[in-house]
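A single structure is presented below for examination.
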Amino acid sequence: MSGFLTLLKRDLLLALREGGALGTALGFYLIVVTLMPLGLGPDLNLLTRIAPGILWVALLLAALLSLPRLFEADHDDGSLDVLALGHMPLELVAASKALAHWISTGIPLALMAPILGILLNLEARAYPLVIATMLAGTPAISFLGAIGAALTLKTRRGGLLLALLVLPFYVPTLIFGITSISAALLSPAGFQASFLILTAISLVSLVLGPVAAAAALRQHMQ
Amino acid sequence: MTTDAATQTWTQRLANPTRFMALSGQILPWLTIAAIAVVLYGLYLTFFVAPPDYQQGETVKIMFIHVPSAWLAMMGYLMIAISSFGLLVFRHPLADVSAKSAAPIGAAFTLLALITGSLWGKPMWGTYWVWDARLTSVLILFFLYLGLMALRSSLEDETLAAKQTAVLGLAGVVILPIIKFSVDWWNTLHQPASVVKIDGPAIHSSILVPLVVNAVGFSLLFFALHMKAMRNEVLRRRVKALRMAEVEQAARGRDTSSATAG
Amino acid sequence: MQLEIRDLVVARGARRIIDQLSFDVAAGEVWLLTGRNGAGKTTLIRTLAGYLSPVSGSITLKGWDPERDPREACHYVGHLNADKASLTVLENLRFWQAYLGGTTADDAAARDRVWAALERLEIEPLADIPAGYLSAGQKRRLGLARLLVAERPVWLLDEPTVSLDVQSTALLARVIETHAAAGGLVVAATHLALGLASARELRLGPTPHAAAEERTSGGPA
Amino acid sequence: MSGFLTLLKRDLLLALREGGALGTALGFYLIVVTLMPLGLGPDLNLLTRIAPGILWVALLLAALLSLPRLFEADHDDGSLDVLALGHMPLELVAASKALAHWISTGIPLALMAPILGILLNLEARAYPLVIATMLAGTPAISFLGAIGAALTLKTRRGGLLLALLVLPFYVPTLIFGITSISAALLSPAGFQASFLILTAISLVSLVLGPVAAAAALRQHMQ
Amino acid sequence: MQLEIRDLVVARGARRIIDQLSFDVAAGEVWLLTGRNGAGKTTLIRTLAGYLSPVSGSITLKGWDPERDPREACHYVGHLNADKASLTVLENLRFWQAYLGGTTADDAAARDRVWAALERLEIEPLADIPAGYLSAGQKRRLGLARLLVAERPVWLLDEPTVSLDVQSTALLARVIETHAAAGGLVVAATHLALGLASARELRLGPTPHAAAEERTSGGPA
């Protein structure tokens, strides 16, 4: 376990030190959310109606775009080879890096969503729902995304291919994230069912992601 | 660091590429003939025998193409998942050949299901496309096929590409139950299962028979195409190996001559 | 401790790069892998480190606790230095010490060890500089310093002298000698003679079944 | 000029050879377009209304994500250094690479838009408009994007930062692309004015992009 | 033709790496830049190639058409080989020939030249293999083959022997000698003696310690 924490600490330090990492993800989030009203026209009622959807889709894209670097930096500078010689299996290495990604990107994006909600005229009572569903859903984004990041490590055009590979896996998270919000806006009871599924998806991804990612990483070292 | 990969698994011995080539060479012609015959018979039943539906009219005939394609779209993916498992776990030499060959065929059937479904949707639902659970999940299956092919083509090293694609193929298998049960989990526009049900089929035999014949025909077609594609792939790999060996021999000749000269 | 390689066959794609290779690395021995470009030096080193799986044959580390992964006995220094540009030299080394040592204990002994390694490889004055600012040779020495901060018996080095100037190469030779003298095992791929008195040479060749020729390395072959 | 064509030919050959390059861009386009209805809900009337906007925004994002590789590959393998020693100024090198990007990515994306229109229930008479505006607008995306690609060459997180830098430059293209369509749906006369501006933006970017990109590239070689 | 360097000062960040350096490279001369890691060899080579702008001083290529950019007289081979993994060895070389030669004429003479270069560097049998498959040393030789396909008088080489085995290093030495004998100018940074009879040596630099101290006091730029 000490290796896990050592690595996690280093990755968070790097995220902090290589400044702008988080900043750019947030910036991208902001820009996609801003582009939407530009593309869709300034009708406020329309915006209110689709605001949660846009916030979720934009969050997905912003998180996605920060994923290619997940293993790439460690691969390119040879660190990954050395990490494989540590005292823990590669699965835990992958888990540690996905966790670092969630902490350094997923959480801040989720917390920023309400601010962007203002731009989209989001209903007041939807604010806590948006934050809650995003906090519950973003782990799936980081951990399932790790699979794509590992698979596309040595491919040219990594970013796009990664998006293509992992977006299908994100669809359930997106759907249950949104239905949780819309159900809750109708009745508190409806919320619970969708929200539980959302959380379950995240929990499953905590296992599935690192296992598949480690399998892919092993191939790359060959 | 202890490794001993010398022991072959029984599956490896059972189906080495040479034996596969010999065996498939014998089976393929018959399989092709059977596939063509059954498909033609199925089409005949579809267009000349099956009655138009009292509600849907002639458009119901799209079903005889649509439903088998949809089934094969899912079966194709299942085949990829099983092959991937065979590659990653048993290192089966033909598993990757099978997975690679199945992808474009499965994708084609998925596309066919999507297109026929859309064409059917226009008269039935008034639009080519709706965002219901089944349609969406089949579309996602199509994306998965595309992803598998894109990943493979973007890795230069073929051995690596094979294994990475297999990892994705296995991880993606979660999509199949979602497609299958999406109609039961969510209330959607799309028809729930009426043929493959625990308490027996729920449709009339005048429709069931052509449907089954078509399903058999399409399946035979799938297997024939798959076997042909596998044979092509094995041959392609042999040609490539020969070329590499030639180049290497040239390099080796050069090495020894320059070593004696220098 | 002894590293036993028996009938090793390693393939790249469809080609056998290493064919039926057997040799033993005993405690205190330094083996230099030589051979022309493409002979398979990198391939062999990476197989020993467990990154590549052999087609057949065995690699056994005798004398290592059979319950522990033999990878935990190995240091690997490849073409890349595994340093982070935005961390300082010291931070880089501290991280690898904790990670490879498998401990978070940041005690005085551990810290002394890091400083000793920096001093040994003559990059001590650079300790607080981000690794991204170093020149090629300085980076290489930082990569090599990893060998000294976490104690592991088997060193697998792939062209460790790349970018090193003459003094630094001599430095490295002394570091390797010390490790071997303390009972360590070293396998290093290199095009240069390292100037080691007692190293044994394994010449890899494209010719099939080229048996492991053993001789002490003098100058370049 | 021979250097320009030699380089263009090589880049197109690479785009072709490094298969899936175009495929993944198209795939990403498809996926963003798919995510939108999933996020916004399946109301067909709503979708028809916002379809041109979604198609444009998604195209922007897809093109954007293929941009980081524009100079990166040549930088990472040392080719850029050698390209700088050729018989033409770095401005033409940048222009050649941006042109290759437009041909290999911009045009196919524009041509694919109508197919995706089906998924969004796009109005029939909007189809030719979408293609026309996209063909006129995408050069700006490639040539202005080259600036961002050059600026972010050595940054970690290139993809996100690039998006952040160039998206503001894309706003005029987006706005005039969309207003061309909506104006034309009202009256043919309205179309012409917006469309001319759209084309003018693209023409200006043909000069501005390579000049600024070359300046950025020079800094990176220092 | 003569390359004249006068009072050259080059800085990295706030530090002067090259300080008031003057020397001449005459036609037919080979200069080897040596010096410890971090001495500024790479910095000097890249300044000569025009990538870095000097703080002061001048670099002039006498005898070169003043209307043409002096860069067009230079070949630069740096740490990276400028090859595309998905193009074959031949395609890579053909591209550089057309691009650096400034001609699209694909005549017999041009093609012969490419084959001669491949043969000279002993990678001819690999001609139809994608460059991505080559080993480190083979890739390096492909990078060096560029020197031979487009004729340019000034060769600027940064550690050209990295990854080369002994035979290939000797090969490179002969290639350099031939170029010099034909009136070419060569400046090469290297840690190894190339085994050239008539090379002149320029030793650069302060000790890395001094450098580091200066840097820490100034702080990273």
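Letters A, B, C, D and E mark the chains in the order given here, with residues in each chain numbered from 1 onward.
Here is the rule we go by: a contact is a pair of C-beta atoms (placed from the backbone, for glycine too) under 8 Å apart; a residue touches a chain by one contact, two chains touch by 3 or more.
Bear in mind the structure is a predicted one, so any value in this text is a computation, not a measurement.
**Q** What chains touch subunit B and also subunit C?
**A** A chain counts here if it touches both subunit B and subunit C, which gives A, E.
**Q** Starting at subunit A, find the fewest moves between touching chains needed to arrive at subunit B.
**A** Minimum step count, subunit A to subunit B: 1.
**Q** Which pair wins on C-beta contacts, B-D or A-C?
**A** So, comparing the two chain pairs, more contacts are at A-C.
**Q** Take the average of all CA coordinates in subunit C, do the same for subunit E, and state the distance between these two points in whole angstrom.
**A** 30
**Q** Could you please state the distance in Å, as a whole number, between where the Cα atoms of subunit C are centred and where those of subunit D are centred?
**A** Centre-to-centre distance between subunit C and subunit D: 47 Å.
**Q** In angstrom, rounded to a whole number, how far apart do the mean CA points of subunit D and subunit E lie?
**A** 36
**Q** What is the distance in Å between the mean C-alpha positions of subunit B and subunit E?
**A** 52
**Q** Considering subunit E alone, which of its residues make contact with at least two other chains?
**A** Residue numbers touching two or more other chains: 79, 85-86, 167.
**Q** Residues of subunit D that touch two or more other chains: which are they?
**A** Touching at least two other chains: 18, 20-21, 24, 27, 31, 34, 38, 41, 73.
**Q** In subunit B, what residues contact two or more other chains?
**A** Within subunit B, residues 136, 140, 143, 146-147, 150-151, 154, 156-157, 159, 251 contact more than one other chain.
**Q** Go ahead and list every pair of chains that touch.
**A** Once each pair is checked, the touching ones are A-B, A-C, A-D, B-C, B-D, B-E, C-E, D-E.
**Q** So in the complex, the part of subunit E that touches subunit C is made up of which residues?
**A** Contact set of subunit E toward subunit C: 13, 35-38, 42, 79, 134-138, 140-141, 159, 162-169, 191-192, 208-209, 212-213, 215-216, 220.
**Q** Taking the complex as given, what residues does subunit D use to touch subunit B?
**A** Those in contact with subunit B are residues 18-21, 23-24, 27, 30-31, 34, 37-38, 41-42, 44, 118-119, 121.
**Q** Quick one: which bits of subunit A touch subunit D in the complex? Just the residue numbers, please.
**A** 18, 20-21, 24-25, 27-28, 31-32, 35-36, 38-41, 46, 49-50, 52-54, 56-57, 60-62, 65-66, 68-69, 73, 155-157, 159-161, 163-164, 167-168, 171, 174-175, 178, 182
**Q** Where on subunit E does subunit B make contact in their complex?
**A** The contact residues of subunit E facing subunit B are 85-86, 122, 124-126, 128-130, 132, 167, 170.
**Q** For subunit C, which residues are in contact with subunit B within the complex?
**A** Subunit C reaches subunit B through residues 13-15, 36, 38, 48, 50, 53-61, 70-71, 206-207.
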